[in-house]
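Got some structures for you, see below.
Shared chain: subunit A. Partners: subunit B in the first complex, subunit C in the second.
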Partner chain A sequence: MKAPQSSLRPVFMPLLLGAALMGVIYFVFAVTPREQQMGEVYKIFYFHVASAMSCLSLFFICAIASIGYLVLRNRKGWGRIATLSDQVAHGLAEIGVLYGAIVLTTGPIWAKPAWGTYWNWEPRLTLLLLTFFLFVGYLVLRAYGQRDEKVKNMASGIAVVGIPAALLTHFAIQLWKGGNHPQVVTGEGGGLADPAMRQGFAMAVGTVALLAIYLVWMRVKTHQMRDEVEMLFLDMSDLEEARR
Partner chain B sequence: MRPFVPSATVRRLTPVAFMLLVVASSAPAISAEPQRALTFEADAPTESVDSNEPLALLASCDKKLESCTTDAVGMPYLIAAYLVLWAILVIYFTLARRGQRRLREELDELRALVREYEDTFLKGSEGDTTA
Partner chain C sequence: MTAKTIWLILRKDVLIELRTREVLTSMALFAVLIVVVFAFAFSLDETRAKLVGPGIIWVTILFAGTLGLYRLFDRERDHAAMSGLLLAPAGPLAVYIAKVLGLVIFITVTEIIVLPLMLAFIGVPLPLEGIPLFALALLLGVLGFSLVAVLFGGMLASTRLREVLIPIVVYPVVVPVIIGGVKLTGAAMGDGLPGEADNWLRLMAGFDIIYLALCPWVFTRVMVE
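Take a look at the complex of A and B:
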């Protein structure tokens, strides 16, 4: 027997996460201090960097889940886990692209007052853009191929490239010294000077990551439902065939 | 001449070796001293200025004016960034939820239809066997 579903369940998590986001925004604007050089505009940093961290993590985990799918898909008894890892990889790529879109729009908006230009072909920016396009390609392929096994394998192969792509994007600052990106989070000797800045940043990272987890879970559910719909269509056509 | 075909092991190991190479190539850079350690410093709190000291008052006003100008330039960008953030999240969430709801309805309908089909089919086949 199915457990009765609470009518509050579908709206509870979005409301909670929305409230948490509002709380972080309140903290960022009301508690964290103004930055000496950039003034108030540096407050874009809290969500921009938190989204970038989540975005790269999502791409990285997507690549690992895709490896899981590629390794397990033909093993006996592992079919369900392989399917699940494929669905998870698909969900991770979608939310990674969503976060990538946030990073690639809030970044240039912040860059204009901070660097004087919306865009330059700085290593980290360029690599993130390429990684973003890589996963957009993955999603286009998935949308085109639907349940086709060959397309799934090909898309998973593309996603595996996400590992070096995400790592290179993260370490681009250290690898190529000519960029403009500051190193306030990972840089030694630098950082967020004020404790309120550090608290605000930790809250933003936590909330954005929780939101990502929720959205991925939602997308995985959707993919599972889509798969079930297609299976039911197949069942229907089998029954139709048998009736004839 | 037969074309060169790498063995299965070589084909499997090539992407792994490529990834290891990429990761290993970044290792020296990771351990290297960072070049641009930048600190986000909090703005110093405004000090109370003695109103009998006109020069100090002027300097304080200058500082305030400078920070106000910086903020006036940056504020539209700050607002735009947060609007974009919320717009992307809200639009995506609404569309995803709508799609999920539609899919759930479709799934329920299909389940009912398959059940109906199965019942009719089973009844039909039972009828066939009794006949």
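Take a look at the complex of A and C:
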């Protein structure tokens, strides 16, 4: 049995992250200068790009954790690490899809005034959309069989195959469009001229990434608890069986 | 050992097909119907046909291929036939390779039946000198699609959600193949910039090589209990 946790801990991180997010929002809206061509709409860029960077990192690490799971799951003595990497991969995919939804919502809102259309098949957008779909499939499969060993294997397979596909798609669309997509998206360099803009951008990226890490950690905890409950339930039914 | 098992599984699938003819008939019929639907949906004339023709051909390959994939693994579901195959001494790798070869053969035969009809329906002339490039694009594209599709099809065949899940995960992964295939088909029909075709061939070959290495590994890892 674990020792009961102190009552302060569950609220500490949310409060800290909430304050940090408020700080970023204040900084972005009150301190950073107006962008000359796009005006206020430009502010969404900070959160859009920060979420996109976190989202793709989450999917990428999810694929690596899945490789770890597939390699380790049948090795003696590695069972616990394999289980953990599977739980982490699941959490990463969930938060990755959440962030993907944020990116795909803020993107068009920003793109309409900036480029004049809600959507274009720019390499990075397409890359994110397709990876998003793939991981939605991943979560559908996970939801279908929570504790099933086979489902865990299949889900890991999807994550592993997805990442090279994402890179190839990016490459293919660059080839297709001849690489003449708008310069604004590049983020560093051309887009962020003012030092305050760079500071705001760095703050947004950091805070959004921290939030992602915290959320993933929460999801992993939840999965661990569910597994534990499942085990206890199985133990209990074994006991009842024995008593009879 | 492995080669023999691959041959046996492939032979079994082809023999069943030769006796029932259900997969090829349904794939070919389905492919022709898609083309008919597209012909009306785009109200095709000569200029438009040149624009959307390659796309129609590849969408048809994708959909008909998915149909073939379902049928290829439906057979293994009854009486846990898949587990039996996986227990064969050569292991999951042989099953994977045999099924990929099977799907490539089914799609290729369907294309041979349907393509002349498609070209006639859509009304795009395929010049004689474009045929080798087109055939190469078809081969690379069908192989790339089959590598990914059989991996996911085999993995997900035992789940209840397979009809929904397989397209959701297969289509995003094969997008590079589709883009390359459409571009190369356009080039074979005398469209596009000179020299561009080489880049697309390289992309599709790269896709095939990466997945030729990755998919068997994943399949083996996932399917072993």
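Observations, loosely collected:
Operating definition for what follows: the second predicted complex is superposed on the first by the 213 of 244 C-alpha atoms of A that agree within 3 Å, B and C clash if a C-alpha of one lies under 4 Å from a C-alpha of the other, contacts with A are read in each partner's own complex, and residues count from 1 in each chain.
FYI, a contact is a pair of C-beta atoms (placed from the backbone, for glycine too) under 8 Å apart; a residue touches a chain by one contact, two chains touch by 3 or more.
From a predicted model like this one, the values you see are computed outputs, not experimental measurements.
Contact with subunit C, but none with subunit B, is seen for A:S156 once the two complexes are overlaid on the shared chain.
By the touch criterion defined above, A:M197 reaches subunit B but does not reach subunit C. After overlaying the two complexes on the shared chain, residue contacts for A:Y144 are found with subunit C alone; subunit B is out of touch.
By the touch criterion stated above, A:L70 is placed in contact with subunit C alone, subunit B being left untouched.
Using the contact criterion defined above for the overlaid structures, shared-chain residue A:L134 touches subunit C, although it does not reach subunit B. One of subunit B and subunit C touches more residues of subunit A, and that partner is B. Touch criterion met: A:P33 reaches subunit B, while subunit C stays clear of it.
In the overlay built on the shared chain, the residue A:L168 is in contact with subunit B and with subunit C. Residues 160, 164, 168, 171, 173, 175 of subunit A lie at the contact with subunit B in one complex and at the contact with subunit C in the other.
Of all residues in subunit A, only 70-71, 74, 126, 130-131, 133-134, 136-138, 140-141, 144-145, 150-151, 153-154, 156-158, 160-162, 164-165, 168-169, 171-173, 175-176 touch subunit C in the complex they form.
Chain contact summary for the complex, subunit B toward subunit A: residues 15, 18-19, 22-23, 26, 29-30, 32-44, 67, 70-71, 73-75, 77-78, 80-82, 84-85, 88-89, 92-93, 96-97, 99-100, 103-104, 106-107, 110-111, 113-114, 117-118, 121, 124. Taken together, the subunit A residues at the contact with subunit B in this complex read 14, 25, 33-45, 47-48, 51, 98, 101-102, 105-106, 109-110, 112-113, 160, 163-164, 167-168, 171, 173-175, 177, 181-184, 186-194, 196-197, 211, 215, 218-219, 221-222, 225-226, 228-229, 232-233, 235-236, 239-240, 242-243.
Interface residues of subunit C, counted against subunit A in their complex, comprise 148, 151-152, 155-156, 158-161, 164-165, 168-169, 171-176, 179-180, 183, 199-200, 203, 206-207, 210-211, 214-215, 218-219, 221-224.
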